[in-house]
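We just call them A, B, C, D and E in the order they show up, numbering each chain from 1.
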């Protein structure tokens, strides 16, 4: 294929360093052998392949939600491909590629909860993962909501099952997966704000940006997502949500 | 109650034996002390002197033989032990004052909690005995603020506050600087002169000569010799005593 | 390099103070409970009743031999599977209490051991019975000699409350890390919380030293 | 249990990472401790004061804060940000501060008389330290130092907070995935097992430490052994590691 | 180098002064010791005896006046200090044996690391001096396994291994049980008889009578009296000495 050129520094290094998630299935998670696996992992491997001809060209390392931006700006990574939502505050410190995934956020509640739509959450408490992008939206749109921040999704599910809060807010894919796996929990259909994910990179690296955008375009044309998504997602409803998010244009709000 | 007149009032050891594990530290120790008598016990290190006098008020248990104090047998009965301890005061090598209490409180604690003496009375008595050992002015200080000699005198006063009939001293001056020994010995001499029954483990031979009615020499858990100090010092009967004296009185 | 933005610190100040309030609240409760539990545990430890004394010893060894962070996770996430579900706050108090009381048991025990045979001899020769001896002689001396390590644990309780940010307790460290994740002002935030922690911890230590000096007065050299 | 077995390779990689971190912080902590001890005992006032202040600062701040601080601030100095190394660095300097306190107290516990005797025989300062002071300080240093080493090993679990893939972190990841994908939390099992692993590790270290302590106490075994031990434990209490 | 013949070989103090903060602990101390002379120093606690003899091998610094040992001035020059320390051996009140080393290692450590003597030679010499103090059989034991008297004799042997010209003793027997004093004093007497130059702080008046060429009595940092022991004990010139003797010889 005819790809835009890589930045010289990366060419010289002979590999491209990508930060991925290792605890967020189906995007990125650890396999039993300790190697990461998931949709974004496959994307990262593709980037390596387009850059250097083999998936070995991408050097993957696990990042946490809190550390990924600092790692990037510290020069430890070239790209973040780790469920990184685009926000105004983040755009001040890093650049983004084109959007590769969009989705609404959803709320998970106990099956027997009286909550049916978002407005029912008024005056109740919800759980979110620390530093999540939904916090601002919740505070702005649902009066008197109290927000409890936890470290991980598992903590959130636990806390919800233990009745420590009324709902758990997260990305749609995740929430639908959980809804499928936990009979005692239920998904509220009405979605929160739209979240869009892009690949993060240091400010001003336009050459790299162009390259990544080209790869993302190729992936969409290539039937890549259609084959990869079912490998990591079983629930048919979730597969649909995922395909829509990866392949269709985000709705304008 | 049985026993001779002396045992009725004083102390009587009858074939007392004690072991620490394998070690036989008291071997058939037999002697008696009449009321008013002053005994000095000496002997090499580890010979069992401390063990012996600590058996008198049951700080150590003996395993065979009998000990009587004022006619009361010292055995494992709580009542007997309490009775004996009421009659017997003791002064230790390292003073053993209560470090967290003032001198005055040191002297009143036992009075108030053992005897139930009211506070004012206990303090009055404490001051009397502190005067007796010539340190009434230190009453409000803590032991840590006193010299060794002063501490030992407080320890003596503290014992006297319980008005014992018998006083035991276990090397009362051996932890003191040479200069401070005198003041403690003086206090003990004046106690002796007042007729108190005393058993004193010490190597202060001057004190023994001046005060003791009898010197008991121990070696390896046995009483080797028991004699008037004049005889003991000038003409010890036993080879072992002679050797010991030659070492002490270089 | 970055210049410190004092305005930002000022804006974050109310949040930080709320975090500090939570830090102090959790610590205070844990200090209180752990001291009581420590005393009780120490009593069992020296009770002479074999199974109880071994159990206490095992407890102390286990807590001292495992990372505090894992203990917290165990209390917060593990205990619910056993049927105990506590809020974040009370999980924090419980985890801190479990940790600190193990250390208190040990320092109280060492304090008791430091009261030599001599005091027993003195009391026995004066005819003082067991109970007054234990309360009026042994306890004051033992507590005094346990004081330095007890204070160390008390201060440690406050410091260890910072670990509770990991289970989402909104205390001082949490506030800082949370803001850093949103606004990336790590210099300002760390400067603030370091100063706050130092003030609190040095303050508590100083109080402790005063208490120590007070109790040490009797032992003052001549 | 099946879960732990299925993910054994993953968990083992976490354990190995933990062991690696432990080794690094043990060595790094000791190195920092020696450096800081030299600083504290140095003659120049400024150096001495600065080292002392640093030791106190590190001992007074919560370790959690130190670890986060190093992790977040290190990139600003251009030193980059690897969770493994930043965590090791933070724990090492913290361990160094506590270790310095132990070394100093240990050396100070050797009576002035011993150093004087050495001086009277014409030993220089270095020979005095190596031949006379340090060997005698060992029975005092070893017990709290072993305590410090176990604290350092335990502290490596803080790596999880900044994302180093050590044992606790792998456990968390395992719990996270299982919770999402399988409906049900193995937290009790996983954290319980991790507690046991750490306890075993620390107990082993303590056992080895006790052997080393016995070795250094051998000369004292006959009579005043209890004395040296007393001395050691007294000091142990006074300088206990501040978490 | 200047100084008299005696100072050339022995020890000479010339108006030596020393302060601890405000406290003037040595005040114009002047005296000299000829080779082979034996001096006993006595005086009340805190009078500066230890400080004085510790100035000789620079364990303490003096602030004014001069001290010469074998013609070498004791000042802050490393070379001088090393030279002096090579000539002067010292024995301390608390023995100060190295507790982590065996008796033999105690005696060879300095030989090997200060002198560079090969191991075999150092051990041979150590055994010679251990025989000299009559404890060659304890060579493989640790100090903790020995009695105080034996430990002090080891300390003497250890010093002798460096073959000093002068020996300093700071209350060598005052930490010992009375029974053990004799054996140490005997060792010191035999050393004296061989002609070693000795300065000995002690309150063992028997030893002073037997051995000393001169007794120096100190009080509050000054030399109050310096006399032959016969004169000093039977007829002390100064009031202060008389008082002190009366306290010591109770």
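Note that in this section a residue touches a chain if its C-beta (ideal position, glycine included) is under 8 Å from a C-beta of that chain, and two chains touch if they have at least 3 such contacts.
For clarity, every value in this text was computed on a predicted model and none was experimentally measured.
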*Where are there more C-beta contacts: A-D or C-D?*
C-D
_If I average the CA coordinates per chain, which chain comes out farthest from chain E?_
A
*For chain A and chain C, let me know how many angstrom lie between their CA-based centres, rounded off.*
40
*Please compute the C-alpha centroid of chain C, do the same for chain D, then give the distance between them in whole Å.*
20
*Go ahead and note the Å separation of the Cα centroids belonging to chain D and chain E.*
45
*Among the residues of chain A, pick out those that touch two or more other chains and give their numbers.*
70, 154, 158
*Find every residue in chain D that makes contact with two or more other chains and list them.*
72, 172, 175, 185, 187
*Would you please write down the residue numbers of chain E that are in contact with two or more other chains?*
none
_Each pair of chains that touches, named by its two labels_ = A-C, A-D, B-C, B-E, C-D, D-E
*How about chain D: which of its residues touch chain C in the complex?*
57, 60-65, 68-69, 72-73, 76, 150, 154-158, 160-161, 168, 172, 175, 185, 187-188, 191-192, 194-195, 198-199, 202-203, 206, 233, 237-238, 240, 242-243
_In the complex with chain A, residue positions of chain D that touch it_ = 6-7, 9-10, 13, 71-72, 74-75, 78, 80-83, 162-163, 165, 170, 172-183, 185, 187
_Going by the contact rule set out above, which residues of chain E touch chain D in the complex?_
54, 57-59, 82, 85-86, 88-90, 92, 94, 96, 98-102, 109-110, 113-114, 141-145, 162
*Of all residues in chain C, those that touch chain D in their complex*: 1-2, 61-62, 64-71, 73-74, 77-82, 107, 110, 148-149, 152, 155-156, 159-163, 165-166, 173, 176-177, 180, 186-187, 190, 193-194, 197-198, 201-202, 205
*List of chain C residues in touch with chain B within their complex*: 118-119, 121-129, 132, 136-137, 140-141, 144, 217-222
